[in-house]
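Just below is one structure, and these are the notes that go with it.
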């Protein structure tokens, strides 16, 4: 049977090369089979190279396993579910430990997904997730109450834009899964605070935190070209988080239009600044600062925009060519052995990457992108 | 030194191809070196792709690590023992948790094997295994006492045929290792109950559970061809379990002949229905239902029958050609990267598989098969 | 971007082969890129094949992760730090359990290295290390007090030469990291006891333990050639341990000259008995006993001697050709898939190895060797 399979692959390869030769000046075709193979290779490489900032339950793994969950949702390939269950089991379904810190509940997206998908009952333990969300939303805290006096301006619960990926989609999914819509309302209250502080209504992008918000002072941080500093991954967190939120938010939720509008506004901006080669630079408005594509931000954008096309929020004809270009460029960032390179390391502002630089959340962004690109041609 | 090794491999490859060309119409030769390499690749792939139904101590891993233990016993390759010790250590030598459920002690076969084989003292902790076996055999339970009223007819301890792989060989090996023959007797009592309920004395096969036993009623479940439903993996569990039992059961055990006779009767039946390409279909008497070879059942049969040849219970001349054909077909189900495909997923009756479908217990069956095929030419 | 990379690699390969053809009678050139690639492959293979004698915190893993730490220190490649943190996290920063046994604190070298290197605060827990070292140095014990009456002569704390790798460099690094120089003094007291018992001042090598020390009796153990038995790995532990000690010992430490002299004396001896092909045999003075290179001892020597060249303790012109020959031979012991072969298994005296034999501490020795060879051409 392996022989048959091999012959099929060889025939496919010959056909592909022929096609490639004839179409070399046109947009490269996207074969779903090759996308799925790239995704599986990325998963296998990442599972073989576990990495953490502070724990296997930290936000870096949280973001990675969101990608694995989305890949499973899109393809149903058992290998993703095996990886999801394995990490959840060994993590004993714990969140990370700082209950006031949005980062530390990102991992629960994967726990919720497993519980909603796997046939087995009594496998996932959602108690730690519930405990986190309740403490996070309802217990007093220095950030929430504006009592933290650090330079970063930690005067709200989600004082940095990454937080909008880490916690809101988890709270929203928890509300859906447990049929408790009140959680969405309580999430919304904090989301709006962050929007008010960090969203730049002129540029339609989020400042990473208060340090990057212009106040008109001479001391405002600027790029060498004089522009505001908008971090690619930071905005990727927000936009990908919005797609996750919209997917699981009730259609009749009273504030849904706020999220849809924000999503569409940011999507249009991101499309308008896509570099020629398909991948966004780490500093969105100063691409010349580090003039190479970066995979974590670009992966989140590709996911978010393709999700919008697939779900009827964005114009297919307008976005699809940009998305296929982005995916082809992302796929070129993958090493032969599956490693996803060109990922900016952990940080809080634009920094360079390299073909060799990798991180689990970069692999997660790659998987998220692939999971929606796969569906593009079916729209 | 690698160069010498490479040259040796190249020479071997050239010789093999030459031989292959000359013998292409005859039975493919079985080279032990290539069998051992296939087995190691299967192990490495499976270790890199951990999977569980409910826990790393569940029956799926139990069956897998029986395969790893048999592979180590046959080849002494350190890589198998490393994998065995690693899982035992991280599982803290626990069984899974339902003490009345045969599935949950299958993992202890590997713990017992390590304790009997590795030179290190005080490494394995057999207390959880002892605790399980004592509770399983001697404590009151709804199944044992016929108090479970479900449709599946759970009126005996081992009410489904898979159980005869999961618990009896472990209890038998525990009795041998701890020199307490009474456990074999207590195992036998429950084994006979299952035999009486599920063994079809006409077909010489086991019904999976009471739902598949014909009562003469019109409601009896049937294959589309009107035949009884006999599940390949289900009978694989029984036959492989019998080989394991016979290997470690005292030669003078009073009921040994019962097991030998049952083993030989089933073996003859299985041989008689082997499909032309070497691999059994998931529905033994209705191969046309899903007309492709399936690896978990076929792997268990290949193991069990080769064990019988290697141990003088089956006729070598009669069984060997069928076994070599089976192994060659099993080896063709392995992907280039080591993955063992064509494994029917978790289930309780015949279902289809595919080249891509895999499971840890399928890898276990593959390793068990290889471990006995390796010894065939030495008989 | 991958295409550019590939082209770069192809060009490099062509240049390398050309160079190789022109220089085939001279010393093979050592390309740092290929050294780094060999090291990464060794790491990846070993991480995929976890192995333990008794626990993931045992000395075998301790020695392996010393190698990983040294590789990270030399290259800064993130993959090493990911592996270091991963094991530390899952080991919960524990030592192994016998507080009087030097073996059981070797793993703490990696914990100390992470704590001194990774930016994250409050990640590593050094309490178990502190507890071990305090008990090890300051609590009463049968070995320390000469109350153990076994044949091996366990009359001092570190009664076997391997111990000089396992504990002293850890205690020394702990003293440096916590700024408590008294620990170095207390370490020195026990080091001298071992030196006095096991160092052969005629041969400039260590007996593995008292069984191998010649007393003038006819019963003294001898090699078939009549020579004393000096174990390659045993002396590798000592010499590599000395390099580790010297690196982190204060320059003005009052007994530093003792360690420098011992290091130089042993280094000269090891250089003088290097076999023609570059790799030392398991029995140093009876190479004909098992006449093939062995990787764990040779790796430790290559590390230790290259460290001495890189740090100005050994003559560069004299040692470099021997070291390059040793590294090239070590690299030839690595399989295509990254496995480091030709490693003598766990033992206490010379035994043979094979291309297939591997152990985590052998991989550790390989990484240690590579980490210093990388720096040779920069001296």
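Letters are used for the chains, namely A, B and C, taken in the order the chains are written, and counting of residues starts over at 1 for each.
Following the convention adopted for this analysis, a residue touches a chain if its C-beta (ideal position, glycine included) is under 8 Å from a C-beta of that chain, and two chains touch if they have at least 3 such contacts.
Note that the structure is predicted; figures quoted are calculated from it, not measured.
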item: Contacts common to chain B and chain C (chain labels); value: A
item: Copies chain A and chain B touch via same or different residues, half shared test; value: different
item: Angle of rotation relating chain A to chain C [CA atoms, steps of 5 degrees]; value: 120
item: Chain A and chain B: spacing of chain centres that average the CA atoms, whole Å; value: 43
item: Residue numbers of chain B (touch at least two other chains); value: 48
item: Residues of chain C touching chain B in the complex; value: 48-56, 292-293, 332-336, 341-342, 345, 355, 357-358
item: Contact set on chain B toward chain C in their complex; value: 1-3, 5, 44, 47-48, 78-79, 82, 85-86, 89, 120, 123
